[in-house]
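The same chain A turns up in both complexes below, where it pairs with chain B and then with chain C.
Showing the complex of A and B:
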């Protein structure tokens, strides 16, 4: 990396947005206690949400938010990759296609007609896809939204030239860590925690609700076992299982396969 | 004849992707567009077939900066459709979490997105070496708003706690008490912020706006209310569709909302303030007066002063709610779905956020419409630009461009929200 060969120059950071809610890049501005330190450690060379000043690439570190949904963005992401030495996709849109990937199961022309009076003004692809479908990605940071603690860990690891410490185990580990009784066991609340990657800090169970999968599938998700438990022990109807897996990480492979399986069963029943 | 265009392909310090195009012949504007090229995400389409339970969580993903606005408007609409009313303690909690969002969003805009324009900096980060205490004050204000949001909501962005009928979990008195010292500091800091921004140089740019805002008999309306304007509008939220319509124009992926009979209107800080000044708490009114504001304000550049006043209001409101807080007996009331239509609105930091849903008997969404504040302000932003360019046509292109960008940032446009929306091109001919 240039930062290593040129120790006197600060690494150049670029923040790039595709289809998204802006929440994940806002996480960087939400690091109120650390923002000025980050700005001291890296050269914020391209971050339109925060600054008019735009430096040309190449960038040492690119944070890419959002999914690819238009022909123009599919070309733009290739240019961003070409300009970036280390590219990290941040958030469920960039790593899994986001909630807008629900279009992937529908006819997008119908969708355009629902929202827009003059559909021919709208240029859009029929699928919302993660960044990794289009270009090589060096690291994927999960979450809807991402955790700012994990974001800072990632930037620190990059600056120190080491692998980031981002766990891939399930939300259950975080519930145990904070001492939250299991919501499925203690009050029969359906929870995606067992199949969802940690990172949020297991917020939902601590607020008396089930996990709804913001961080996507954990490293080895047993969606069939969880679905079986929901059906048999918690009386969750099959269509609700389809919708549960079709959330903010609907197009992540393990969740996609699970929702497709349940949908197939729904159509047979 | 000299022609020129000013184009900004990617407008900075706004949330989302927008552009501006201005074409001029001599000093006259002949064409002007405020474009939204943020790719459409089709929320209204994929909500069809989902349960009412999903609406607050899914619609919060329209915007990472004002998720509580979407959640609040969604639950208002659902509760309207199902004939539910929530208890006063639950409504108080809704106001309280919304205070967190106002403080966080307004601090972000005042300090990080808008103030750099007035002081001639590219960003707050560029401003920090010259104004370290100011930038640190802004960051701490923002953090306190976020702390309030995270306590009640579970996290700052896309809170997990709000639900139809109330909340999954109500905070304890002790948890809220722990925020009081910070909120008292924030209230003083917001008063100081107002005095600071009031000293900026403001363009002489009073416009004849139709202000549209929510109205409540006893409150500076935020979480619900009737929709009123300074041109005689006074309707229930349910009558939205009778008065407003959304138009689709070629240069924008965001629909333009207009008052059917009259056209463009303004929603957001200037509108709320000008229609609701009497409802502000005394400390907010005093702060506004000390900053030189009258009871109404038709200069969009002064929206930065109003946002600061609204931070004073939000801190005061939060402190009052915490002071009298008694945890609700149950954090939510149960929903019994019924077929029908419901409407909901609330005052997002940028203006009215309106939702309408139609449900079947099981609470499945059959149809929905979401009108974010920026799509309502879009046409008004263009009209401001049309009126603003002639005053500044003598400026060099790069200075004119910056002035016009600032005129757009007056509205704190949230383009990610509006898309179902920005890039500046000035062409001079």
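Showing the complex of A and C:
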């Protein structure tokens, strides 16, 4: 394996997939213009969406997409970690359990019985959990899907050994930066932006919609105060509050506890 | 200063012509996304003709007026700050070449802006930012090169908004200085007209280009009366007497904790404030390391990163951040720049998504202090 010791060897990148829709991996392919630069900077050793060629580990950088939903995946992710120097989980599935984490509030056997002809062949866990529950993660890149700009910034920062510019403040900062008038204030549309981490560029408010929370909770999410305003000023019913926090990042702690609190309220009302 | 001139509505269009002829790019109020924002404007038709805004803490609604006023609204979410101190802009780019590292792109050309419809509070805010960025041992060349060429068409406020309190802050409703032209819009039976005053030689020149006549004393008196009415019709007020001592002397007031429970630390208040000036720089490099870029972008004292030092954030709680912001605005700003940091525009009240109101919090702290004294 002479190539390992050659001074010109490029860092080896591996992309790994667990329970997910592949959308985040596709963000990397979507970097059309930049893809050549990526290919020039790293040796793409494993990338199922792009090529079937698989090189053996170890990997310098592993991008891990998807959540852990089966016993087999729970073991596989430990192997990926063992093979990788730097591991980044990418997307809402990998960082928070994804939309499939909605099962965490239900009995998963009920689903398998309904969906599969022979449910006893199905080996699945009763929870969908983020990668960080199973192995140590070096960085979590949020988003459903991730932002390709942030992904490129992260890879560049990794290569250059510097801290990535990936802010943890609210979507509101991006909204104001692009000059979008606030949809909550100007037409009373409920928006999760104030409790959601920036990264998307505040797309939905720019189209007069409220934020859906795709990038998960921001650094200091005050879900109670936002929920209170929705309820009192925007007349949002409690069941809708439960649903709002149970989206792509339902199992992220701040959103999970918020939806649980409102569900408890709902059961009492 | 010249005497007041009157320009009839049908001739107002010529203002845009006169500015264009002098190389100015006009920016000012226009309707977009159910609000009045500031953007590039070409003609009178781009102005919010016949629109007004109704504002309260955390709400803003655009509604139709019964008349065709051009400036019959108060202010929206934008301020002119975005033109002088852009939310995000590249300071410079570095390129690796065979002869070493090359500096490129520093100092891209900036347009020569005419600010149309600048409210007196916004004019006051600009003069505060002039001090912040332009005076003292350190000054900001990026701000100054944009600022130096600005032509200001101020518009006095004959109507006020639900969250306005410029009277308390001494910044309106009439612009007294710092403009090239100041306009007071008159509607009613005598016709749709504009009383215009020039505040600079350049303003005089532009005014001379517009068909105008001298104002009659009755018209001047009408305008004065309207402005006086506006002065008494502010939706909010803030007692500034001893405000510095009041806030600095109450760092542990329970009201801070309460506002901390409500505050989302979303940064909206600071982003809409026309005087907030905090920024940070971000350095990025291309994947191959061949180019690097330094970008400056707005920052806010409501983020965790803002007060991050080795080991953690100095202000982890929302209460501490709100207290920092408001105390800086109304108190320590005075020591720093010799002026309050608040001009009473009310934007932070209207555009706070949960309606937190700086005037209410100041009043609550004052009330408890007065009670303390009354009991002592």
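Rule of thumb we're sticking to: the second predicted complex is superposed on the first by the 262 of 269 C-alpha atoms of A that agree within 3 Å, B and C clash if a C-alpha of one lies under 4 Å from a C-alpha of the other, contacts with A are read in each partner's own complex, and residues count from 1 in each chain.
Here is the rule we go by: a contact is a pair of C-beta atoms (placed from the backbone, for glycine too) under 8 Å apart; a residue touches a chain by one contact, two chains touch by 3 or more.
The structure displayed is predicted, hence computed values, not measured ones.
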item	value
Chain A as common anchor, with chain B and chain C clashing or fitting	fit
Between chain B and chain C, more extensive residue contact with chain A	B
Contacts of A:187 with chain B and chain C, given as first, second, both or neither	second
Which superposed partner A:74 touches (first chain B, second chain C, both, neither)	neither
Chain C, chain A and chain B - angle at the middle CA centre, rounded to the nearest 10 degrees	110
Partner chain(s) touched by A:32 [first = chain B, second = chain C, both, neither]	first
Which superposed partner A:208 touches (first chain B, second chain C, both, neither)	both
Touched partner set for A:173, first chain B, second chain C, both or neither	second
Chain B versus chain C - smallest C-alpha distance in the overlay, whole Å	11
Footprint overlap on chain A, comparing chain B with chain C	208
Partner chain A, residues of chain B touching it in the complex	10-17, 38-46, 48, 50-51, 54, 57-58, 61-65, 67, 108, 112-113, 116, 122-126, 128, 135-136, 139-140, 142-143, 146, 154-158, 160-161, 163, 168-169, 247-250, 253, 255, 402, 405, 414, 416, 420
Contacting residues of chain A [partner chain B, same complex]	17-24, 26-27, 29-30, 32-33, 35-36, 39, 44, 47-54, 69-70, 73, 98-100, 102-103, 106, 108, 110-112, 114-118, 121-122, 124, 128, 144-145, 200, 203-204, 206-209, 212, 214, 240, 243, 247-248
Residues of chain C defined as touching chain A within the complex	32-35, 37, 58-62, 76-78, 82, 87-88, 261-268, 271-272, 282-289, 297-298, 300, 302-305, 316, 318, 350-351, 353-355
Residue ranges of chain A in contact with chain C within the complex	34, 37-38, 40-41, 152-153, 155-156, 159-160, 162, 165, 167-170, 172-173, 176-182, 184-188, 191, 193-195, 208, 219-220, 222, 224-226, 228-229, 233
